[in-house]
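Same chain, two partners: chain A is paired with chain B first, then with chain C.
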Partner chain A sequence: MRALGISAYFHDSAAALVEDGVIVAAAQEERFTRIKHDASLPLNAVKMCLDTAGVDMRSIDTVVFYEKPLRKFERLMVTHLREFPRGIGQFSRAMGTWLSKRLWMKGEIARELGCDVEKIVFSDHHLSHAASAFLCSPFQRAAILTVDGVGEWATTSIYRGISDADGSRIESLGELHFPHSIGLLYSAITAYLGFTVNEGEYKVMGLAAYGKPRFLDEFCKIATIAEDASLSLDPRYFAYAWHSEKSFTSHLEALLGPARVPGTAFDLPAPEGSSAQRWADVAASLQAFTERYMLVLARHAQKLTGETCLAMAGGVALNSVANRRLMDEGPFTELFVQPAAGDAGGALGAALLACHVVDKQPRGAPMTSAFLGEEHTGASVRRFLDDCRVKHTSFADRSALYKEVANRLASGEIGGWFQGRFEWGPRALGGRSILADPRDSAARERVNRKIKFREPFRPFAPAVLAEEHDRWFVPVSQGGDHTTRFMCSVAPATEEARLKIPAVVHVDGTSRVGVVESGPLHELLLEFRARTGIGVLLNTSMNLKDEPICGSPAEAYGTFLRSDLDFLVLEDCLIERRPKWN
Partner chain B sequence: MELKQKLGTLGELVELLIANGRWWLVPMLAILIGAALLLMVLHAAEYVAPFVYSIF
Partner chain C sequence: MILFDSIVRIAAPVVWRNDAEIAKKLEEFSATEAGSALDMLKAAELETIPRLRRLFFRHAMDEARHARMFEAMARATRPGRIAVSEYTPIHARRQNLFANLGRARFLAFVHLAEKDGEQHFRSLARHFDDRPELAELFATLADEERFHVRYAIQNLLRVEGANARKALRGVRVASAWRAWRRQGRAIGDRLARLTLAIVYLFVLPIFALAQKRLEPEKSGWKAAPTATVSRRQF
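Showing the complex of A and B:
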């Protein structure tokens, strides 16, 4: 059976193709259109999936959309009626979009993809998330938590997943409904702190490390956690139910102080009493509240299911700091987070659901690699470079390339690293990365200010040889950790790490670790260790500020030209920056 | 074919609202669809306008 999963029309549209239970390809549309968080129907991603499998739309048995648009439309109508007359403007705009286009998406999908309308089915938003987490995990039985802003109605769901000889089942055990949502609380505070919703949440997490959670009592006024792990948000503080532009009200500013105007500079660490320090403290309080809620939720899910393993998805599952606390203090012995845990991952979950739950196909190997995107071979890269007359050195012997790159990195150069298929999910795992020496704190400054042009308070992550993990980072205290392979959790850095690799240790003494077990980046790390005694590299995604991660060699080369990178590796070709005239 | 499919979607939506005990949203939906149709007709009027002059 071939199932094509699709997520679209909200943010982070994506496509995923699953063939007899095996994930053939998966990608976000933004990698092709270069529009960050592109929400359009993922025609380019679908084409890539079909090309990778070597099939066309006629060979697809079912196309599964990741959520139910009619239920979402129902929520919109009910919510706006509740809030009437507030939000009448947003209601008119939303109805215009829905009545002219989104309500009839089945026809549009059939027309644009060129498939039979009968082949198109609709899954449930949180069920798609749950499937993406459980059916990619190494677990045959597990509790599943899906936590995000909002799907159709649900904002948080608890499931139990079971796989056996009869196929797989995902049973719903409870859900929390809109407007009560930890994801929407996080987004509202993201907006309060002057960052873009659905984009700036990572920044808030990074900012939290600079603050103290002195507003935790205020957050307990805004949101109440009940014994049954339900969350209740006080509607006086939030406007997202009726306002499209502003997600918080003046009551929130009265409680936490004036909101940050977007674009206002952050100078951290900031003096006590300054606005910047207050914003950092608000971020820290939000993060602490989120972690507290996730722990309560996990304990409740464990009580309901009696399981020892947990699989998680939804945007909140990308909160790597909360994930680490779940592993250290939570009731589960093992945790798995799917690398594209956000809405893009719904496409993969929808396709897996069709194969394993509906069609009862047996499960294959768990997901151990996120390299599911488009591939560009060495030959096609060389052709591109020759066509564009880019001076480069081609390495027939790969080990010579790794030695050369390791030498350059060890001498302080910063380089782009383009290898194989691009990654599924928001993290660069060695397919489309910018690499630097982690021993030099100045490298962090340089990457932030001259290459990625992003906020100076944001941390950089380490890519570490699997066998060296425990030397540099404190392992989880119990059970198995299935999150570091996809950079979905942080770990406290050891004393040696703080001294020797400061560029990848955040101000709170933690790092969002990416463990590397095989592939070209593993080979490069071995070479780097041979020169420095350190099997760790600073690893960040290959993109400039507010751009999607690069997909093709042309985009990687464009990034190289527009930044201050010292060199770029495209498969087996090395491009050096030409010396500048003084 | 497309009209049939759209009517099918509307039918599904009405069924969903009734099944979820929100039958009271059906009139609102009807008004919204009616308004959308009226807007479509008014939008189409600009194509009819040149012929109106010649008739009268």
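Showing the complex of A and C:
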């Protein structure tokens, strides 16, 4: 059976192809169109999936859309009625699109993909997330938590997943409904802090480390956690249910102080009493509240299911700091987080659901690699560079390339690293990365300001050899950790790490670790260790601020030229610095 | 050329009225050139004819340099306008033109767009005869655009032969159609919003009242809809 999963029309559209239970390919549309969080029907991603499998649309048995548009429409209508008359702006803005396009998306999908309309089915938003978490995890039984902004109605869901000889089942045990959402709370505060919603949440997480949670009491007024782990938001503070642009009200500003105007400079650490420090404190309070809630929720899920393993997805599951606390203090012994935990991951979950839950196919090996995107061979890269007369060095012997790159990194150069298929999910895991020496804390400043052009308070993650993990980072106190392979949790840095690799240790003494077990980056780390005694590299995604991660060699070259990178590795070719563009 | 001169004569006193506006326009030009550079780079990647690949790549480098020149002039015209840091990048957006248009129409598009660009820059160079730094910038760029105009049409004729004229005509028609649709969509969108606002105010109140009375919003755990275990339940 071949199932094609699709997510689209909200943000982070994506496609994923699953063939007899095996994930063949998966990618976000933004990697092809270069439009960050592209929400359009993922035609390019679908094409890549089909090309990778070597099939066409006629060979696809089922096309599964990741959510139910009619239920979502119902939620929007009910919300507009509840919020009457102040929702007029949002109603007149959103309904046009819904009435003219979204309600008829089945026909559009069939027409655009060139498939039979009968093949198209619709999953449930949170169920797709749940499937993406459980069916990719190494667990045969698990509690499943899906936590995001909102799907159709659900904002938080608890499931139990079971795989056995009869196939797989995902049973729903309860859900919280819009507008009560920890994800929307996080997004509203993200907007309050002057960042873009659905984009700036991870900046808030990074900012939180610079603050103290002194507004926690205020957050307890904004949102109440009940004994049964349900969350209730006070609607006075939020506008997302009715306003077409703002997500918070003046009440929130009265409580927390004036919001940050987008673009205002952020110089941290900031003096006490300054606006910048207050914003950092708000971020810290939000983060503390989120962690507290996730722990309460996990305990409730464990009580309901009696399971020892937890699988998670949904945008909130990308909160790597909260994930670490779940592992250290939560009731579960093992945790798995879907690497594309946001809406893109729904495409994969929808396809897996069709294979394993509906079609009862047995599960294969758990997901251990996120390299599911498009590949450009060394030969095609060389031909491109030769045809364009780009000066480069080609390495027939890969080990010589790794040695050369390790030498350059060890001498303080910063380079782009383009190898194999690109990653599934928002993290760079060594397919499309910018790499630097973690020993030099100035490297962090240089990568932030001159290469990625991003806010100076944002941290960088380490890529570490699996066998060196415990030397640099404190392992989880209990059970198994399935999160570090996909950079889905942080870990406290050891004393040695703070001293020797300061560029990848955040101000709160933690790092969002990416464990590398195999592949070209593993080989490079070995060479780097041979020179420095350290099997760790600073690893960040190959993109400039607010742009999608590069997918193809041309995009990597464009990024190289517009930044201050010292060199770029495209498969087995090394290109040295040329004058930059802008 | 006369058309561009006329447009510039009418619009420039408003659009380029002071240093702040000039800097803003220069930044927009910079973003356009940078976006064009990304499109040309992608075209170089997707193209299979080595000669065209090389030309597209060179074109990309030219556009990138133009973006840098516009940005530098924007900074010089209005220091401090680019507030965050001197390294703030120009946000360039690619349009995926090569993939969308195919080789023939892409070459035709490049030829026509660069021709328009050259004429626009020459008109602006004349307009800014009292600002030598701007006049020189636009004159230099217009000269460089001429190469792009020429290589695009020469290669269009070489590669496509008899189809070249059809491709040029197709791009012109598509461009006019796009502009028409854009305008139509904008007008249609406004009308739809107005209609929906009227519906909201005059039709929804009774339903809103009923909704608030009969089904007030409640927090807490809810039972989930039926589990999806069969195809029918999707």
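Following the convention adopted for this analysis, the second predicted complex is superposed on the first by the 577 of 582 C-alpha atoms of A that agree within 3 Å, B and C clash if a C-alpha of one lies under 4 Å from a C-alpha of the other, contacts with A are read in each partner's own complex, and residues count from 1 in each chain.
We adopt the following convention: a residue touches a chain if its C-beta (ideal position, glycine included) is under 8 Å from a C-beta of that chain, and two chains touch if they have at least 3 such contacts.
A quick note: this is a predicted structure, and the numbers were derived from the prediction, not measured.
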Touched partner set for A:558, first chain B, second chain C, both or neither: second
Contacts of A:74 with chain B and chain C, given as first, second, both or neither: first
Partner chain(s) touched by A:390 [first = chain B, second = chain C, both, neither]: second
Partner chain(s) touched by A:453 [first = chain B, second = chain C, both, neither]: second
Which of chain B and chain C A:106 touches, first, second, both or neither: first
First, second, both or neither for A:117, with chain B first and chain C second: first
Residue contacts on chain A - larger count, chain B or chain C: C
Contacts of A:525 with chain B and chain C, given as first, second, both or neither: neither
Contacts of A:263 with chain B and chain C, given as first, second, both or neither: second
Chain B and chain C footprints on chain A, overlapping residues: 71, 78, 81, 95, 100
List of chain B residues in touch with chain A within their complex: 2, 5-6, 9, 12-13, 16-17, 20, 22, 25, 28-29, 32-33, 36
Footprint of chain C on chain A - complex, ascending: 32-35, 62, 64, 71, 78, 80-82, 84-85, 87-88, 91-93, 95-96, 100, 121-124, 127, 153-154, 157, 169-177, 179-180, 226, 228, 230-233, 263, 265, 353-354, 357-358, 384, 387-390, 449-450, 453, 544-547, 552-555, 557-558, 561-562, 581-582
Interface residues, chain C side, partner chain A - complex: 30, 34, 37-38, 41-42, 44-45, 50, 53-54, 57, 60, 64-65, 67-68, 71, 83-85, 87-94, 96, 189, 192-194, 196-197, 200-201, 204-205, 207-208, 211-212, 215, 217, 219-225, 227-231, 234
Chain A residues touching chain B - in the complex, by the definition given at the top: 70-71, 73-74, 77-78, 81, 95, 99-100, 103-104, 106-107, 117
